[in-house]
Amino acid sequence: MPAGATSHDLFRALLRLWPSLLAFLGSFVAILIMWINHHGLFRLIHKTDSPFLFANGFMLLMVTFVPFPTAVLAEYLGRPGERAAAAFYIGTFVITSIAFNVFWLTTTKRGLLKRTVPDSVVLRIRNAYRFGLVVYAASTLLALWNASIGLAACLSLWIYWSVLAYQAER
Amino acid sequence: MPAGATSHDLFRALLRLWPSLLAFLGSFVAILIMWINHHGLFRLIHKTDSPFLFANGFMLLMVTFVPFPTAVLAEYLGRPGERAAAAFYIGTFVITSIAFNVFWLTTTKRGLLKRTVPDSVVLRIRNAYRFGLVVYAASTLLALWNASIGLAACLSLWIYWSVLAYQAER
Amino acid sequence: MPAGATSHDLFRALLRLWPSLLAFLGSFVAILIMWINHHGLFRLIHKTDSPFLFANGFMLLMVTFVPFPTAVLAEYLGRPGERAAAAFYIGTFVITSIAFNVFWLTTTKRGLLKRTVPDSVVLRIRNAYRFGLVVYAASTLLALWNASIGLAACLSLWIYWSVLAYQAER
Amino acid sequence: MPAGATSHDLFRALLRLWPSLLAFLGSFVAILIMWINHHGLFRLIHKTDSPFLFANGFMLLMVTFVPFPTAVLAEYLGRPGERAAAAFYIGTFVITSIAFNVFWLTTTKRGLLKRTVPDSVVLRIRNAYRFGLVVYAASTLLALWNASIGLAACLSLWIYWSVLAYQAER
């Protein structure tokens, strides 16, 4: 911005930054949901071992990667390349979802859970993660055809999960 | 700076960086006050749940956002766009203040406080947060009219809070 | 990328970023292995003192340095300077390995271990760290002659360690 | 570097980065010493209050600031502006030293120490911090006259402290 920019110019310049703000917000919310999820999983765990730490590291890798596809999406949304950007963004969550599935398999198969965790909870989480993986994969394919529809499918999954998390606590 | 810059040139160049130093200091102090506040709140809390973690995440989102409006303010202070920059800066604290209010409502309505926290403390914090929200909103409007007066109103709120925090400990 | 880039262009641009993705993945995995190792060492420790904190700081210094040689390697792999880049990359792990050796010597010589740690474990870790140092040094020399062979030697050490860590837990 | 750079070119380019490496190392060591110091102080503390948290925040502010003057020093060392750069660098530790003095005064005057901490330790730390402040201030003035001598005075203080920390543990 030139040094003589008025308050009006600055407000307009800030408003034009909405894609970056959206990317910041999107990264934050996606990472927050993963963190709360992660925090919830750790409450169920009794002990850890090296395979567990590698599986946990794989999840953390994906969490730290999220800001990059989010920035790509923010830059291309509403422009010709938006389908590739949306597919890259949602595709990241396909891999993140695989990481959560691997983590849960590692944790349950190696007997790292507290004894007080009932089998029904183990099954419910396993199914929720498998369901998430399928929805993310389908949303990625949808995004290749139409970016907005793919993103809407992805977003509705997040809202569904947040509502589930709220209800579980009541 | 050219390679042949003398010590005198470098001192002058460093002095010209004062807006960036101010932004660094301003971000740090604002985040420090929020952190001490946050730390104080966590001492009163007995247990957590998912809605609490989302409310907490909203607060953290605002804390991580603070450096951006601070940098904008540092760049535009004393230049034509300063009213927009100051309003954007203080406006960030309006939303931060909403986050603290939401956090406190979530915590108290869901019974997450320790039993030993008296109702008078719950009320005092609730009123302080509502008061802060009103002062920030008024300061934002003032800044749109005159940047310096808006910022002075905002700063006086911080000094007031710091003094309160000091006195509460005596 | 120009504003009119299509989805096809964007996909190709993202694919061309593979060296950066490789660098990100490489840094993450290298730091993850060090972290799991570090975590394992801390389980054996009973108390700390200042020399221990300095030795620990030396290890952390090397961990935070890893992303730089990784980025250099990612940029030069497959180009004329790849031998220097690979030697710089693996050479960083020579120094990291020295840091781990110094850490273990400090910890054992100053009697900071838990009494329940058998001498056989102390010896086994000491030998593993000395072995790692020798392999890294040899891999660095190999990389100066042929980058791919040096990196393959380094990678096989990591796979060997990961398998060892898995087996130790069974 | 051009795409055709050979391994020889890359090695020379990496060697030319020594000021940045020095800055990285210098920041790390300075922050490590402060951290170990800080860690040692926290072992003596029984409880905290708001003034303590503000004093602690002032220390943390200075710790996070260190990388900037270090980068300036790394850029200007051996060039005409080196005296200003060295004075700015050491001057940062004058303020850091004030922060440590304020922290210790706050902690001791407000009775936040464990009862088991003898008065002799309180006095010894107070005197060490006052001594450090005087040496840093003198080194800053020396640096304005001759950068190398000022930095040597500063460095000898660090070595002295590290040796002291080692001896204290024996």
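In this document, chain identifiers A, B, C and D correspond to the written order of the chains, with residue numbering beginning at 1 in each.
In this section, a contact is a pair of C-beta atoms (placed from the backbone, for glycine too) under 8 Å apart; a residue touches a chain by one contact, two chains touch by 3 or more.
Model, not experiment: these values are computed from the prediction.
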With over half of the numbers shared counting as same, classify the chain A/chain B interface as same or different. different
Farthest chain from chain A, going by the mean of C-alpha atoms per chain? D
Whole-Å gap separating chain B and chain D, where each centre is the average of the chain's CA atoms: 28
Going by the touch rule set out above, which residues of chain C reach two or more other chains? none
Could you list each pair of chains that touch, in label order? A-B, A-C, B-D, C-D
Looking at the complex, which residues from chain C come into contact with chain A? 1, 3-11, 14, 24-25, 28-29, 32, 35-36, 39-40, 162, 165-166, 168-169
Over in the complex, which chain D residues touch chain B? Could you list them? 49-51, 53-54, 57, 60-61, 64-65, 72, 76, 79-85, 87-88, 144
